[in-house]
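Both of the next two complexes hold chain A, though its partner changes from chain B to chain C.
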Partner chain A sequence: MTWLSDDAVARVRAAASEPDLTGTRYRLVGPLASGGMASVWIAEDTTLGRTVALKVLDEPDQEARTVARLEHPSIVPVHDAGSLADGRAFVAMKYVEGRRFDDFARDATPAARLRAFQRICEAAAFAHARGIVHRDLKPQNVVVGEFGEVVVLDWGLARPIDARDESRTIAGTPGFMAPEQARGESARVDARADVYALGAILQGLLADSRPAKRIEAVRRRAMAPEPEDRYPDASALAADVARFLDGLPVSAYRESAVERLGAWAARNRAALLLVAAYLAMRAAIALLARV
Partner chain B sequence: MSKWLLGLLLGALLGAIDGASAYLYPYPEVKAGIVGIVIGSTFKGLLTGLIAGIVATKTRSVPIGIVVGLIVGAGLSYAVASMPSESGAHYYWEIVLPGSAVGAIVGFCTQRYGRPNVRSTAA
Partner chain C sequence: MGAPEYRNARSVRSCDNRPRVFPTTHRSVLASLASDAAEERSRAYETLVAAYWKPVYKHVRLRWRRSDEDAKDLTQGFFAAALEKEFLAGYDAEKARFRTFLRVCLDRFVADDAAAARRRKRGGDVPRTQLDFDAAEAELARAAPPADPIEEHFDREWLRSVLALAVERLRLDCEARRRPKRFELFRRSYLDDAAQRPTYAALASEHGIAVTDVTNELSAARRELRRAVLAVLREITASDREFRAEARLVLGSDLP
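The block that comes next holds the complex of A and B.
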């Protein structure tokens, strides 16, 4: 009997898991990622001469049809879908080159992180407006491209918000799943579950600093244990993040009059300085004229 | 409100206030001619505001707006201060410094506020 080395076994395993792209317009380049139900490969579209991310699924699912409804700059576009010679299903998507969101956030300034986070919220808001809930939003499913573009990937768990799902299946990622999602209460999972996941992403962004009260209030409202206490959808959350970035009051935090005045003064610092300079000048000239 | 209209209105308002504030000076000929000073200062503010507003429609930069307002305000104020008063005295500092500051404020506001021009790309 001849024993195979570990390397040889690994090569055989890799070859066995490689998708058979015979009869398709794609040529395999290499592996990209793998999960429980699917693997993602880098492939070349030989017809159009471009690189794509090819997701190979053990069983056909609705991801391609779901994402095809969502044409948005921050949602990874689907180019093609079909079946392979080995019977497995595939989805060809845009290959997004860039850094994972958590990797990007480590080096970015707090404002840049929040602006990128706002893009994620806007992508989710767009999906919610089209009646789709992602159900697996997390930093690992977001890529920030070299030009700062933010793209939400992996819509494999996405489903219509109004889908009648009475199952007790738990789908999602611990730490990012809303409590009702983690309890398997599928019928209660709607846009507010994505809002919770976005709050969890925001929590990660705020972890290494002492956050301002207003953005912390935004995070708390997004991650409220009861869906009724959260933002109704990602659009409302995105609006509050935008208001925070613009130095405006947020709906999640009731500011005191002093805080409001301070925020107004901070926003209009240059104008206040100019007016103060003018008044000081006028007062100085009037005083000197009397001497 | 468009940026140039904002510049006109704000320039006129601040110019009028700036002119009226000359009444605080202890110069009798200034107090006697305060109406003319207010009218002249309002016109000066109008012109500064119009120029700052036009610049704001062409360039989106607060520092540039402030500098343009400052220079235009200073230039126009200097021209006014060059004209001697009834007693023959010139009030350069009293006119140029506040006039420049008013110009800078108008320049800032036209950059920060007001509706920018929207260019249509439709055929």
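The block that comes next holds the complex of A and C.
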């Protein structure tokens, strides 16, 4: 039996892992990512002359059909799906060039991070409105493209919200899974599980600063242990994030009269400055007239 | 490529006789070791030894720092005891991977040296497999001393053994199907040292075939290799769940 050097082991392993694209219109360029139930490869679509991300799965799943229903600028589009000569299934998706969300967030301004986060919420909100829950939202599954576009990838665990799933299977990523999801209570996993994951993403964005009370309250409500105490879906969360970015009161936080006044003043600072300048000018004129 | 055919993907595959992703025809050696049929038991034993003897031998040499003669005896004795005592039957797939269980059994076996010696003495009636210990020694001499923890080294040797078995099956398969050129192309492309690895064009010219023939042959070889890797894993794992986990490990991203 042939002895395999370390280099040969790596090459043989890569050879056995490589998808067999015989009979397809794709040409393999190289590996992109791997883990769990699937590997993702960069391939060239030789018919259309474009680069695609080719997800290769051991078993066919519903991802292609699920994502095909979700046409949204922040949801990765699916181009094609089928089976390979080696028996595995594939899904061809848009190849999004960019940075992973956590990498992007490291050197973005706090406002830019929150605006990008809002895009993620809107993508999830769109899916929720069409009855789909992602179940694996996390920074690693979001790419920020070179033009600032935010794209949610990997819908491999997505499923219809109303699917009758009584299994005890735990699917998701620790740290981002809602408590009911982490306990394997599949029947209780709905849009609010995604809200929890979004809250966990938001928590990461706020970690290196002292967050304002209002956005911290948004995070707390998103990550409430009980689904009933969270935002009902990502749309409600996105709306609160938008209100925060606009300096408006958020539903998750009851402000005192002083805070309300302070927030109103911050929003109308320009007008207040004008009024203050006018009053100061009138006072100066009145003073000069007395002299 | 036409429109997505996801819903029918399974039935299409079974109708056109494409290979299944995970082979199911190979029975686990653990099940076969308990078989009433002597021939099946013997085949299972051979498979088990073929997949594990080198990791076991090297583990005894490196972890226990035994001499080569001692390590040879302990390796033979360990497999003989595994068959005789049926201690592998105590494996619980819920608790650990089979290779981890086997390593733990091996450590116990070697630690209990007196008992091991007794077993070796009594081992006359159990099969002693012909094993190329000189080759294993040469590999040990050639390889750099393991930098990783010794348990991880066992896992790496296990991976090497699984892939070497699969390559051997690919070679035998190519021979049986009278396609020696396919294996030769594969060997030159994947097994040769990086410095000697030829380009597809060089291979094509060497064998007097077109470059597209080289790529087609290599595609077929990779497909058959994958099938062989999965078949080996099916045989040396105890449950479908363990098999899938090992397959993801060997063919996925998390190298042992």
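Please note the rule applied: the second predicted complex is superposed on the first by the 289 of 291 C-alpha atoms of A that agree within 3 Å, B and C clash if a C-alpha of one lies under 4 Å from a C-alpha of the other, contacts with A are read in each partner's own complex, and residues count from 1 in each chain.
In the analysis below, contacts are C-beta pairs under 8 Å (C-beta built on N, C-alpha and C of every residue); 3 or more make two chains touch, one makes a residue touch a chain.
Given the structure is predicted, the values throughout are model-derived calculations rather than measurements.
Asker: For the overlay on chain A, clash or fit between chain B and chain C?
Answerer: fit
Asker: Applying the document's definition of touch, where does A:M281 land relative to chain B and chain C: first, second, both, or neither?
Answerer: In the superposed model, A:M281 contacts chain B only, not chain C.
Asker: So which one touches more of the residues on chain A, chain B or chain C?
Answerer: After superposing on chain A, more of chain A is contacted by C.
Asker: Does the superposition put A:S83 against chain B (first), chain C (second), both, or neither?
Answerer: So A:S83 only meets chain C here.
Asker: After lining up the shared chain so the two structures overlap, which partner does A:D208 touch, if you call chain B first and chain C second: first, second, both or neither?
Answerer: After superposition on chain A, A:D208 lies in contact with neither partner.
Asker: Figure out whether A:D7 sits in contact with chain B (first) or chain C (second), or with both, or with neither.
Answerer: Second partner only.
Asker: Once the structures are superposed on A, label A:E226 by its partner contacts, choosing first (chain B), second (chain C), both or neither.
Answerer: neither
Asker: Mind checking the angle chain B, chain A, chain C on Cα centres after superposing, to the nearest 10 degrees?
Answerer: Rounded to the nearest ten degrees, it is 160.
Asker: Which partner chains sit in contact with A:E18 here, chain B, chain C, both or neither? Use first/second/both/neither.
Answerer: After superposing on A, A:E18 lies in contact with chain C but is clear of chain B.
Asker: A:E71 contacts which: chain B (first), chain C (second), both, neither?
Answerer: neither
Asker: Looking at chain B versus chain C in the superposed three-chain picture, what is their shortest Cα distance in Å?
Answerer: 33
Asker: List the residues of chain A that touch chain B in one complex and chain C in the other.
Answerer: Overlap of chain B and chain C footprints on chain A: empty.
Asker: In the complex, go through chain B and note every residue touching chain A.
Answerer: Residues 21, 24-27, 62, 66, 93-94, 97-98, 101-102, 104-105, 108-109, 112 of chain B touch chain A in their complex.
Asker: In the complex, go through chain A and note every residue touching chain B.
Answerer: Chain A residues touching chain B: 270-271, 274-275, 277-278, 281-282, 285-286, 289-290.
Asker: Chain C touches which residues of chain A in the complex?
Answerer: 1-9, 11-13, 15-18, 20, 22, 24-26, 33-37, 39, 47, 58-60, 62, 64-65, 68, 80-83, 85-89
Asker: Taking the complex as given, what residues does chain C use to touch chain A?
Answerer: 1-2, 4-6, 9-10, 12-13, 18-22, 50, 135, 139, 143, 159-160, 163-168, 171, 186, 190-191, 193-194, 216, 219, 221-223, 225-227, 229, 244, 247-248, 250-255
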